[in-house]
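In structure tokens below, several structures.
You will see two complexes here that share subunit A, one where it goes with subunit B and one where it goes with subunit C.
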Partner chain A sequence: MIIVLLFLAVFAPLLSSHDPYQVNLEIRNQPPSAANWLGTDGNGRDVWTRMIYGGRVSLSVGIVAVSISTVIGVLIGSVAGFFGGLVDMVLMRMTDIVMSFPMLIVVISFVAITGPSIYNSMIAIGILGWPTMARLVRSQFLYLRQVEFVTAAVALGARPPRLIFRHILPNTVGSIVVAVTFAVSDAILLEAALSFLGLGVQVPMPSWGNMLRDAQTLSILENRPWMWIPPGLAIMLAVLSINFIGDGLRDALDPRIVL
Partner chain B sequence: MVSPTSNPAAVKTDAQGREAILQVRNLKKYFPILSGIVFQRQVGAVKAVDDISFDVYKGETLGLVGESGCGKSTTGRTILQLYKPTSGSVQFEGRELSTLPNEELRRMRKRMQIIFQDPFASLNPRMTVGAIISEPLVIHRMYSNKREQQEYVENLMERVGLNPFYINRYPHEFSGGQRQRVGIARALALKPTFIVADEPISALDVSIQAQVINLLADLQQELNLTYLFIAHDLSMVRHICDRVAVMYLGKIVELGPTDEVYENPLHPYTQALLSAVPIPDPMAESKRQRIILTGDVPSPARPPIGCNFNTRCPVHFELCHHDPDPPLLEVEPGRWVACHRVSEI
Partner chain C sequence: MSKYVLRRLLINIPVLLGVTLVIFALASAMPGDAVVAMISDESPLAEDLIAIRRGQLGLDDPVPVQYVRWIINVLRGNLGYSYVSGTPISAMILDRVPATVQLMGTSLVIAVILGCMLGIVIAVRRASWLDYMLTVMSFVGLSVPVFFLGMVLVYVFSLRLGWLPTSGRVTAGEQYSFVDNLRHLILPATCLVLVRTPLFMRHMRASMLEVINNDYTRTARGKGLRERTVLVRHVLRNALIPVITVVGVTLPALFSGAIIVETVFQWPGIGLLYINAITQRDIPVLMSITTITAVLVVFSNLLTDIVYSVVDPRIRYS
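And now, the complex of A and B:
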């Protein structure tokens, strides 16, 4: 399913003859037809085209934001978990502080200060999402640090980088991948929420969130479902399929489980 | 009979003139008990290893026995500096390990290795058997040529009874006994002189135990290895150890040649421990008198005052309940016992 969505997003220009920014006031609010597969919106833009172009935006915000937060989170979590003691305490209190911010409000303030745009949404979601990852990685490190095969590596004379990258980190990959996929779906939802509030991706650039925003009047909700069902469904399917991928990857990456 | 003047530190060679490869003196390992969430302070200590001294001679197998939780494994790991000792000294091949800088300690690890108890936990599940066995070679840059390294690993696998064909398999594809062989191959890869075998057979099936023990014995002969063999299987210890040290609550209570200790145990704890071993002879077995100890082992966080064994000892008297606890003394050549009443027993 996510492959279909990614495929649509990547090959968007090939899959639609329309321009997502082309306003055509003659065909406003048209229901689905042969020319406009999912109808048109209030400005006469093709909904199908905007949806697959919006997928590019929403998915890339999700992926970039989570890449940022995963890099920060894994780094901080590994250092805290491996070295322990004072380092651990300082880093974890920092994590607690970031974690205690109500995420949506901070993201909104950040975007309000820096100005709403697709890149600022990525950065805002990315730099606030790392504490969960850091906690997870740290707890895995604390556990794996005292596992016997790590002690064995110490007994062989391995230095810390080898212990971290060869022995501990590979064994945390399963949980990290699962957490990443959940974080991607969270980020997509958060982007949708931001865009819906008008603080994320700005029109005319389409995203699933701002398509929903454009469709929030009662008459559209009641009479023109082709404007809001497709982006809503796309968000749902993306989140759902990414979560399934997480489960699949966890099993595939574990050599103990034979598929 | 008791000769309180003889100090273990003075002994460098044993009766047969073998040199001591490892000298442990007054080794202590206390694990702090912390309390408080943000500002932790130490409220006590678990005395896992409490002031023990012994020598291990080149080419011998020294057994270290005692019940669960008495500090056997901690002793083994503290000797190898996997735990930092609280105090005391460990001299290996004449060099003091506890104060050695990290880099030099890393180099010393080529000479001393450990085999772990649990062959399921001691192998990284994400590395192939080949990668596990060659890891020590990579760490110490023993081979620059990949093919030579692979050849060496394959030979090693063959030597420990593994089919080199399985070099690219993962540990979970092997049985417990085979995994333990992987652990042994890894420990041998650097051609060490001294190996701590930390209960290497207690996690294995009985039928596999004998195979692994025989493998260890063969390797010892072939490579002139010295073992510190940690175990709680007393018959196995008798089978393969030259000397045996009995631990109770972080201390060595008796140390001597295996046969002598088994024939004529001097410490009341050793007597009780050995009386629990079945004898493979129905006539003798029916006459076996078990000495049943009452009560539990005291917590190593709060050991009793005086002799550690006084709460369960069948022959304890006044003196046993006062500090200091009985020192480990050489009562006959090569036989060490820590008991106030040893001359009466």
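And now, the complex of A and C:
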């Protein structure tokens, strides 16, 4: 499923002969037809085209944001878990604080201050999403820190950076991959919410969230469902399939968890 | 115990100060200020008048001074005035609280009860068709964007079937009636319940399964207790403890509201106030809501810990 969506997003230009930005007032609000597979929106733009281009935007926001949060999370988690003691305590309290706030409120405030744009949403979701990752990596480090092969490496005179990056981190990759998958689906949902509120990706650039925003009036909601059902379903399917992948990966990579 | 609570309170003071500092710093970095916002487009004022007014409001002082003044005012309960309407913010917020508490309270109570009950059932009947079905459904519930769900609900129940109103808290222009209010409540509350129940259900299920495999559960069964007694007295009581945390985390949302659901249904709660404040760049309102949320987050964390120690005698604080 996600492969199909990714495929659509990557090859968007080849799969549609329309331009996602081309306004054509002569064919406004058209229901689905042979020329416009999913109809057109209030500005005469092709909904199908905007949806697959929107997929590009939404998926890339998810991926970039999670890359940012993963790097921060892994760094903080490894340092906290490896060094322990005071460093650990300070870093974990920081993590608790960031974690305890309703994510949406913080992200919204950040975007409201920096100004809404696709890049700011990526950054906002990225720099606020790391606590889960940090906690996970830390707990793995606490465990792996005292495993024999690490003790052996210490005995051989390996220094902290080498211990962290060569000996411990590779063993946490499995859990990290699982967490990353779930983080991507969260990020996509968050981006959709931001764009829906008008604080994420800005029109005319299409994203699944802002396509739904455009359809908020009751007349569109009632009479032109082709404008808002497809992008909504797209978000749902993308998130759902990523979650299923994450679940499968967890079963495959982490035999300890019994569900 | 009281010593522990007191210490936790004291620890949280610097945390809160830090948070307010960040909020204030970010807010003062925002373009535009009170004076610019007060000037209406119709009567442009001279530059020197603007400067004088700025001086009167203390906006020329260094940011740290402004911060201290703001924090003292907040402690006195004076949250300042809205840039847009000029009304006191505390009044604006108090005005919105009932709507938010009604919506969030209803949906939270239903979601917690429903989620826990379903979680218990499918943990007991693990690997049954009901378990698989609800697990798949919970996946869907966790994946669907709230606003899309809300739009679908409005489309089906308000626009197609015409059973329920599309938005608002009461019908405009009509005499207030409780039934009318309830009819408006159903759709947004359902929306929130559908999204939150899976979360509680999954946590409840996982936590139940963990306890079921414990030694003391086997002992209880070995003593020959009825399965029902084992489940209620031994498993459930222990399994509820971790779920308390999940509920505790969602408590601040009682105040901040479900921003998205309130937007979709135009439910006049705090969430909607917040979003409007953002679109109108009403910074004092924004700051106040964020600050109150921060305070509530800290207190609900504290409350969660206290409840924890009450229900779980194994936890002792020294």
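Definition applied: the second predicted complex is superposed on the first by the 243 of 259 C-alpha atoms of A that agree within 3 Å, B and C clash if a C-alpha of one lies under 4 Å from a C-alpha of the other, contacts with A are read in each partner's own complex, and residues count from 1 in each chain.
The definition used in the following text is that contacts are C-beta pairs under 8 Å (C-beta built on N, C-alpha and C of every residue); 3 or more make two chains touch, one makes a residue touch a chain.
None of these values were measured; they are calculated from a predicted model.
Within the superposed three-chain model, A:Val154 lies in touch with subunit B and out of touch with subunit C [touch as defined at top]. After overlaying the two complexes on the shared chain, residue contacts for A:Trp228 are found with subunit C alone; subunit B is out of touch. Touch criterion met: A:Ser185 reaches subunit C, while subunit B stays clear of it.
For subunit A, the partner with contacts to more residues, out of subunit B and subunit C, is C. By the touch criterion stated above, A:Val239 is placed in contact with subunit C alone, subunit B being left untouched. Of the two partner chains, subunit B is the only one touched by A:His167; subunit C is not. Contacts of A:Leu86 after superposition on the shared chain: neither subunit B nor subunit C is touched. On the subunit A side of its complex with subunit B, the touching residues are 147-149, 151-159, 162, 166-167, 170-171, 255-256. On the subunit C side of its complex with subunit A, the touching residues are 15, 18-19, 23, 26-27, 29-30, 139-140, 142-148, 151-152, 154-155, 159-160, 166, 206, 209, 249, 252-253, 256, 259-260, 263-264, 274-275, 278-279, 281, 286, 290, 293-294, 297-298, 301. Note for the complex: subunit A touches subunit C at residues 97, 100-102, 104-105, 108-110, 112-113, 185, 189, 192-193, 196-199, 209, 212, 215-216, 218, 221-222, 225, 228, 232, 235-236, 239-240, 243-244, 247, 258-259. Every residue of subunit B that touches subunit A in the complex is listed here, in rising order: 77, 80, 82, 106-107, 109-110, 113-114, 116, 118, 121-127, 135-136, 139-140, 170, 172, 183, 186, 190.
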